[in-house]
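Listed next: structures, encoded as structure tokens.
Look for subunit A in each of the two complexes below; its partner is subunit B in the first and subunit C in the second.
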Partner chain A sequence: MLYIHHTSCISPQKTYGGEALSFDKNSVDGKLLSIEPDYSGIPINILRRMGKAVRMGVGAALPLLKPGQPNGIIFGTAIGGMEDCIKFLNQIVQYEEGMLTPGNFVQSTPNAVASQIGLMTKNTGYNITHVHRGLAFEMALLDAMMMCEEKPDAEWLVGGVDEISAYNYNIERLGGWYKTADASSENLFTSATPGSIAGEGAAMFRVSGKGTNAIAAIEAVETIHTKEIIELSDRWKEFLDLHFGKESPELIISGDNGDSRIVPFYKAIQETTPAGADILRFKQFSGEFPTATGFALWLAVSINKLNSLPDSAFISRRGIASYRNAVIYNNYKGEQHSFILVQLP
Partner chain B sequence: MEKEALKLQLKQQIIQFLNLVSMKPEDIKDDEPLFGEGLGLDSIDSLELIVLLQREYGINIQDPKEGRKILVDVNTMVDYIEKNRTK
Partner chain C sequence: MSRILVTGMGVVSAIGSNVAENRQSLINGICGITRLEGFQSRFAGLMPFGEIKKNNSGLAAKYNLTKPGITRPCLLGLMAMKEMLDDAGLDEKILRSRSTAFINATTVGGMCLTDELYHDANAADTGSPYLGAYDNADTTLFLREYFGIGGVVNSINTACSSSANAIAFGAALIKTGRADRVIAGGVDCLAKFTINGFNSLHILSNELCRPFDESRKGLNLGEAAAYVVLESEDVAQNKKSYATLTGYCNANDAFHPSSLSDTGVGPYNAMHGALQKASLSPGDIGYINAHGTGTENNDLVESVAMQRLFENQPAFSSTKGNTGHTLGAAGSLESIFSILCLTNQEIYPALQFENKIPETGLIPNREYRKYVIEHVMTNSFGFGGNCTSLIFSRS
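Right after this comes the complex of A and B.
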């Protein structure tokens, strides 16, 4: 069991800091860009060199470092600082393979976020970045679960981040992963067209193997690679049987991204879930990105305090005052699937 | 190009290359030290400035000791650019 003690999230919605949370921001031109804070905790000379992914990751992590140093930093990102990576590669061409500036290169690697947090806080503990595309965040969670089993007293900073970069957006759009004509968070689930809307964000969690004062616990994380709906349904049934028996989870948090090619997977999950579960969709708030399950986990952990979630976000809602458990199901590009079971106090 | 125009252009380039987003050219004084107490730049910035001189003015600084004399403030950089620019 992995216990969550603190959480922080920078996303396209107002989810960061002590301000009133809200979920009313819609996409512009098919993109949901994060609402970034002023990053007052990051020294200006360091901040000016940071790309967006690094800024968001470090910015989301800093509030969770106030209780003291964690024993290590475990991170997940699929693309890391892609914008800086492309700037660096373009410089190689522009400067005809001559002298290059170090700034973009330093920020361009996926492990720049976790290492920057380590450098800023002088944390010399375990520092690792998982880069398993649409399962990068889940891999970070699994790593943290194993670390917590090994050292229950230790505390870990676990997180995920990905950014919308011009390069990545264009490549993914050309690949058909973003909607073209009807790209909007407002009609995401009614458009019935291929592709989704682009999103980004950073979610951080302070975790340990001890349940004292925990705000949530992750009981299980399961990842699957398959393109077969039947195989997914079977694994989902097994997962529910194992953890709930004949009962139903109280809340399913669905990563439905409105992509007509992917929707059948989500429908299959819905149809094989025993009646009685509320179902909440979140990609109209976060957009689609490889580590969007970080946002979903933040949502699950925070769900009982969120009064501003619109009813329209729920496919079904029984009006439970306080959820005791939630299962996140996410599907990335029709082949990377994850189930995350969250227990709430 | 007149010296004052070159100073303004260089300040704009310093802001762009070093991503000094909150600064304007008029915030950088001609004789303000670039490193240490002045603008507070560091060793990574010095590499960015060397690349700036190479790319924008065709100046190659090979000797680090030479770089220390050139990258003192805007005045010293402009003097060096005027004497050594190839583009």
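Right after this comes the complex of A and C.
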């Protein structure tokens, strides 16, 4: 069991810091860009050199480092600092491999976020970056779970981040992963076209193997690679049987991204869930990105305090005052799937 | 607690297309660092590289791969994994099992296609066949699908310690009962991107790299794919095994994005932590396959950290003088080299070494010799201060 003690989230919605939370921001040109804080905790000369992914990751992490040093930093990101990466690449091509400045190169490596947090806070413990595309955040969670089983008293910083840069947006757009004419968060679930809307964000969690004062617990993280709906449904049934028996989870948090090619997977999950679960969708708030399950986990952990979540976000809502559990199901590009079971106090 | 055995190995590097060839090259002191031929770069004639002299179309034809969009790391990874699977006797049914995991590491991934990536990142109309191939997970997903691996699948990037961490993560999966066997390792290819990146940091040498030599001028980039099969002793039963993975530790230097601290906080902690994990004392280590990139910073700091930890310096060397620095593949490549030392009770000559570093006075092993070793350590240190050490022991 992995216990969550603190959480922090920078996203396209108002989810960061002490301000009132809200979920009313819509996409612009098919993109949901993060509402970035002023990053007052990051020295200005360091901040200036940071790409957006590093900035969001470090910014979301800093509040969770106030209780003291964690034993290590465990991170998930599919692409890390893509903007710096392509800036460096553009230099290579435009200057025909001439004299280049190393700043962008160093910032472009996916491990730059976790290592920057380690560097800024002088954390000499475990430090790792999982980059398994649509399961990068889940692999960070799994890693943390294993760490907690081995050393229950130790504390870990776990998180995920990905950015929309002009470049990875372009690559994904050319790949057909974004909607074209009708790309907007308002009609994400009604458009019935291929593709989704672009999103970004950073979600961080301070975790340990001890349940005292925990705000949530993660009981299971299961990841599956398959392109077959049947295989997915079978694994889902097995997962629910194992953890819920004949009961139903109280809340399913669905990663439905409105992509007509992927929606059948989410339908299959819905159809094989015993009646009684509320179903909440979130990508109209976060947009689609490889580590969007970080946002979903933040949502799950915070769910009982979120009065501002609109009814329209729920496919079904029975009006439970306080959820005791939630399961996140996410599907990335029809190939990478995850179930995350969250217990709430 | 059931031990974690290494029951299979597969490798392709600049000094050989399989484990046996690599060992022969190590014994004979062969240096695979040569002139770059595989792609155009301004640096091709200016500095040497540890290039694998096999072209992509030849490799694709060898494996009957006709689908577009398959990158060089996929092909090299496939080659090394096939050798490893045969070696470990893993069949399709075992691969499909949910208790078989695959942990892959890469830092370059499909970015070896630097020019295609440039096009796709900036193009308005149509993309190349490689649109889905640039991230660090693409190779992993290709190999997973090719072999139909059924358990946990993951990709790790901690720069130059990536595949050492893939092995450590695999060990944790077995220890916590999440897998019975894990295929772990990494692959990285030469790329204009990394050549220019390392060059901009002024740490590439225009001559053959000289690890631990006083007059070292920097590293040579290389390419490799290297995988091991880790199996829980409970499921491996009477299978042959090369070694036991006894120690592993990941620690951060927390000093600078691209260089190590003077006293080697991260390297020391990684080596020390691995010894603790293995319940060994420094005196138990018979040989260290050092990170030894040949840069001024790394070799001095690694020497200082070894001297702080080891009262009597064990035999050591860096095989990067043979292969060049293979980045994300270095940890698993050098794990295999270390295991070869253990299983054959031998150590290999350090290449291009002449004079010791005056501050530390350490001399790497300079000739091939038979050598009694119970435990070997291998070090991998990366950008971002990501340091990992592994220890393998005789089975």
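One rule holds in what follows: the second predicted complex is superposed on the first by the 345 of 345 C-alpha atoms of A that agree within 3 Å, B and C clash if a C-alpha of one lies under 4 Å from a C-alpha of the other, contacts with A are read in each partner's own complex, and residues count from 1 in each chain.
Everything that follows uses one rule, which is that a contact is a pair of C-beta atoms (placed from the backbone, for glycine too) under 8 Å apart; a residue touches a chain by one contact, two chains touch by 3 or more.
Quick caveat, the model's predicted, so the values are computed rather than measured.
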{"item": "First, second, both or neither for A:P102, with subunit B first and subunit C second", "value": "both"}
{"item": "Subunit A residues touched - subunit C or subunit B, whichever exceeds", "value": "C"}
{"item": "First, second, both or neither for A:D153, with subunit B first and subunit C second", "value": "neither"}
{"item": "Which of subunit B and subunit C A:I44 touches, first, second, both or neither", "value": "first"}
{"item": "Subunit C-contacting residues of subunit A that also contact subunit B", "value": "99-102, 106"}
{"item": "Subunit C partner contacts - residues on subunit A that touch it in the complex", "value": "72-73, 78-80, 85-86, 88-93, 96-97, 99-102, 105-112, 114-116, 118-119, 121-133, 135-136, 139, 142-143, 146-147, 149-150, 167-168, 170-171, 174-175, 223, 225, 335-336"}
{"item": "Complex contacts: residues of subunit B adjacent to subunit A", "value": "17-22, 40, 42, 44, 47-48, 50-51, 54-55"}
{"item": "For the subunit A and subunit B complex, residues of the former touching the latter", "value": "44-45, 48-49, 94-95, 98-103, 106"}
{"item": "Parts of subunit C lying in touch with subunit A, wherever the complex brings them together", "value": "41-43, 107, 111, 114-115, 117-118, 120-123, 126-127, 131-132, 134-138, 140-141, 144-145, 152-159, 165, 169, 172-173, 175-176, 178, 192-193, 195-197, 199-201, 250-258, 265-266, 269, 382-386"}
